[in-house]
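Chains here go by letter, A, B, C and D, matching the order in which they are written, and residues are numbered from 1 within each.
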Amino acid sequence: MTSVAATAHGAQAHHDDRSFVRKYIFSTDHKIIGIQFLFVSLFFLLVGGLLAMQMRWQLGFPGKPMPGGGVLPETMAPGGVILPEYYIQLVTMHGTFMVFFAIMPLLVGVFANFLIPLKIGTHDMAFPRINMWSFWTFLIGGLVMLSSLFVPDGAARAGWTMYAPLSARHDYSGASIGQELWSVSIIFVGLSSILGSLNYITTIINNRAPGMTWFRLPLSVWSLFITAILGLLALPVLSGAAIMLLFDQIIGTHFFDPAAGGQALLWQHLFWFFGHPEVYILILPAMGMVSDIIANGSRKPIFGYHSMVFAIVAIAFLGWIVWGHHMFVSGMNPTLGSSFMVSTLVIAVPSAVKTFNWMGTMWRGNLRFHVPMLHAVAFVAMFVIGGLSGIFMAATPVDMQIHDTYFIVAHLHYVLFGGSLFALFGAITYWYPKMFGRLMSEPWGKVHFWLTFIFYNCTFFPMHITGMAGEMRRLYDPNQYTFLQPWQPMRVFISISAFLLFATQLIFFVNFWWSLWKGQKAPQNPWEDNGLEWSLPSPAPHGNWEKVPTVYRGPYEFSSPQVAEDYLPQYKKLPTDREPARVPLAGH
Amino acid sequence: MHWWLPLKASTFTGPIDGLFLAILIITGIAFVLVEVGLIWFVVKYRQRPGRKAFYTHGNTRAEVIWTTIPAVTMVALGLVSNHYWVQIKGRNSIPPNAYPIGIHAKQFEWQITYPGADGKLGTGDDFTVRNQLHVPVGRPIMVQLSSEDVIHSFYVPQFRVRQDVVPGMDIKAWFQATVPGTYELGCSQLCGLGHYRMRAQVFVQTQDDYDAWMKQAAQEASQ
Amino acid sequence: METAHKRPNYILIWVYLAVLTAAELALAFELPISRNLKLVLLLFLAVWKAALVGLFFMHLKFERWNLRIMAIIPLPLAVIFILAGMSEHIW
Amino acid sequence: MTHAAATVDQMQPPYPAERGLDVYNKKLGMWVFLASEVMFFAALIGTYVILRFGATGEWARPGIVLNIKITAFNTFLLICSSVSMVKAYAAIQDGDPKKMRFWLLMTILGGATFVGIQIYEYMHLVEHGFVPSGVREGSELAALVANGTLPAATMGLYGSTFFTMTGFHGFHVTCGVISMAYLYFTKALPGKYSKQDYGGIETVGLYWHFVDLVWIILFTIVYLI
């Protein structure tokens, strides 16, 4: 950007003459875009939850009319009783909304946008307008997917993995517009993620504040950086696959149509080549933010910072060569199965390293249990179960028994709900003051945490057991099989726990909205943390700093012998610190 | 209620259940280590006034230990799993004397073709039965899986056998039943609105019961 | 300011590309050699032309290593995907 | 002094930052974007390679369905427009906006002609019965399929893969032409580019060379093999 534009940018930080529309709707401020992502993806999280409740009703009380089911159209749930075709729409849409429109935008859309410029000390993203477009393409994708719920013959119904040829031909699935809208919406999500990722990567590489060297970056920024690279390289493959699926659905091409030479397995290869980096996109930011919160809560530097960074990088690289473990029994070449098994088992090692490092951080710490710390510790506890249950599937012979059963459903919910969503509850509470200038209620936060923790485990742990018994996934009514009938009481128990879990989220919902206006006013550094963002007033002003801060040390100097207090912010200059050498500066 | 893996009714249950138990023990130890460690740390290192955390940036020796132990365990697990995987699913894992049965999956039913008296598929005396899989006990059975429309999945929990049936591909899987009885064959890959009721009955019979049934079923089919 | 690097002779690269394209055409249609050899040669020519464009027109030859690595990272991923997809059919 | 250092000096950011990649943001952003484009085309071309490698029947021989002469000229045209792009970049680097404008215009015309020829070729192919779903009944190509010069089994794949890959490449070329035209009228003509600040030209140049590079690979594996 020419120097003329730059001074204007500097001036902008002083006074704000932008109109309401430019300031809040079509805003190019990374913080406002982060908050826009937050509101939209929390809404989609609610939609995903509602779909899950309907599924749990059908599984817990098959054939009985669902309370409130009258609102559903007769073709889907006559008299409130859910029909099979509606049930597989619920399965598909629950997975799609949660993965693409709730967890991924909450982790990457919200926290990459909000945290990266603040934590590395810069005014805004490298390309503010592209960043704005990333949100709006995401919103268009979300609205297209939401509209596909209301089209006449119903939404897509081939599972969130959309296996061809069931997804490619409407005479097999029974839905035409719904399936096509799914593909169109996924193309928008892909485009939105690519625009976002290229922004985060350029900003982190070129716009770090003086003194913020690579190994002084907080682990949340490291994980968001590696996640951006995964997103950048994985989402185009999904968009390409969705385009080919859309052409199969509309123009009649034969990519995945075996009758005319296409290959059904090709879709699975394309989808899971994107799919596995995707599930690391869904967990790495959570790991990074949990590392920040645990270090803060333990008042102790993170244990083994460098090995944590190398673990994130290792997970990212290995993430590209493991996708075949989703296809062990899909008819894929068995020799490929062996190679994917080895790479999958190797990827368990960096996760183990991270878990032990979190525990090392808490060891001999001075643990302070604010709500984010509760969620972070619960993340470690639950993610361990999710990670360990993953090893059962990596062993190929055992996978033959538990593939596509509820054991897999339990595994994915332990890493996605127990992992990412617990980390998100913690992260939202942790950075809420910097976003809105007010604190969320601490007691209500604790009530919500404990109830969620209990009902969450009651809902998802029994799924391991019914999965071991062989209960297949996506069954409208498992009682058709005599060997599954004895597990109906367990399914009722799971459904009731799920309803209670959903009800508990009301507490978070109210706490979130009530604290926006009525919450206790937030001081500048409520958690006494070292990050650069806490050098700004709450809520952080437009353009962040007038003069970019200078960084003198790493992000985790808690209980440092150099100072009396038990935290030492990165931006605080001690007499012994020397100014970082100002090297010729990269782009702006 | 049978809290463990389903009834053991095929030769696969030995390796698969054994491996399942081994992994459960390994992960169980890791689970207890981590969870008890977490609870102990949460209680022992609670914040107390005037106390300052131990200022350390890590310990490479500890890092090396908890990197190599999981790595070694995983490699061992990988070798054992691969050994059984090649036996169960490998390219030439199907025993030569396996008894062929053709299974054609279509949206929401299984059409099972029996080789008839000559024991060979594709000969004149084959006959097809819907949703009924009769299998002689104690002999390796080779199922030739084909699908007419979408991806289904051949899954009998008691035999620990699962193999996706992909349209456009002829996939062979094998198993050997050991315990006579009636079980159920389910479809474990979402194949449309009738996925949940795509169920067939599996009868494991002694050899002569099987021959008797086959003779009788062949006549019925020929009328 | 002296030019940062000896600027490549763009016209020469242009001639190279034109000649290589002509060679590809001749190879594909006139030369009566076996299909597999033709396949390998054609692919080699295509990669050579692509490298010419990448190195000289996109200045990768004169960039620092970390930008070159960033430009090359996606290629092995693409190759992994294609090889895995193809190995399905070496049943 | 490397090429990178040269570009860093002349685009001084207004505020101090830690040393990044010594590549100014726009150029780094374009290279990162091109990495995602490589993966996008890897998915499309990968699908073509896998489908063709796994196809049971024989694949249509080169030259029967597709017109090689026009496409060869088209390839040559895109290479020329790549060269004219680089000459425009060299011109502005030497501080000669007039020469840069001329070569940028040449590049835009070259790109537009390429898209025009490709659209003409598509219409011609559809006329002869070659459509994304394979071969239209009752067309000339259907007769060729009937008498066996074209393999019936793989024509469906042939149509699907050809139109998807070359169609999306054409879409990318069109986007390139539009963005170059936009830069030409809003930045080049008003003389906004100078020896000190020519980021926009180099960035759009990188995109254009990438699009040319993808076509070079596509031309060989789709038309000649």
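One rule holds for everything that comes next: contacts are C-beta pairs under 8 Å (C-beta built on N, C-alpha and C of every residue); 3 or more make two chains touch, one makes a residue touch a chain.
Since the model is a prediction, treat every value here as computed from it, not as a measurement.
**Student:** Does A-C or A-D have more contacting C-beta pairs?
**Tutor:** If we tally the contacting C-beta pairs, A-D comes out ahead.
**Student:** If you average the CA atoms of subunit A and of subunit D, how far apart do the two points sit, in angstrom?
**Tutor:** Measuring from centre to centre gives 34 Å for this pair.
**Student:** Using mean C-alpha positions as chain centres, tell me how far subunit B is from subunit C in Å, no decimals.
**Tutor:** 46
**Student:** In whole angstrom, how far does the Cα centroid of subunit A sit from the Cα centroid of subunit B?
**Tutor:** 31
**Student:** Among the residues of subunit C, which ones contact at least 2 other chains?
**Tutor:** Expected reply: 73-74, 77, 81, 85, 88, 91.
**Student:** At least two other chains touched by the same residue of subunit B: list those residues.
**Tutor:** If we look for residues of subunit B contacting two or more partner chains, we find 91.
**Student:** Going through subunit D residue by residue, note those that touch at least 2 other chains and give them in order.
**Tutor:** Within subunit D, the residues that touch at least two other chains are 5, 21-23, 28, 32, 35-36, 39, 42-43, 47, 50, 54.
**Student:** All pairs of touching chains?
**Tutor:** Touching chain pairs, listed by label, are A-B, A-C, A-D, C-D.
**Student:** Which residues of subunit C touch subunit D in their complex?
**Tutor:** 1, 3-5, 7, 10-11, 13-14, 17-18, 21, 24-25, 27-29, 38-39, 42-43, 45-47, 49-50, 53-54, 56-59, 62-64, 66-67, 70-71, 73-75, 77-78, 81-82, 85-86, 88-89
**Student:** Tell me, which parts of subunit C touch subunit A in their complex?
**Tutor:** On the subunit C side, the touching residues are 73-74, 77, 80-81, 84-85, 87-88, 90-91.
**Student:** Once bound in the complex, which stretches of subunit D touch subunit A?
**Tutor:** Interface residues on the subunit D side: 5, 8-9, 11-29, 32-33, 35-37, 39-44, 47, 50-51, 54-57, 132-134, 153-154, 156-157, 159-161, 163-164, 168, 197.
**Student:** Using the touch rule from the top, collect the residues of subunit B that touch subunit A in their complex.
**Tutor:** Per the stated touch rule, the residues are 1-6, 12, 15-16, 19-20, 23-24, 26-27, 30-31, 34-35, 37-38, 41-42, 45-48, 51-60, 62-63, 66-67, 70-71, 74-75, 77-78, 80-82, 84-86, 88-91, 107, 149-151, 153, 155, 157-158, 160-169, 171, 183-184, 186-197, 199.
**Student:** Considering the complex alone, what residue numbers of subunit A touch subunit C?
**Tutor:** Checking each residue of subunit A against subunit C gives 233, 237, 263, 265-266, 269, 273, 320-321, 324, 332-333, 335-336.
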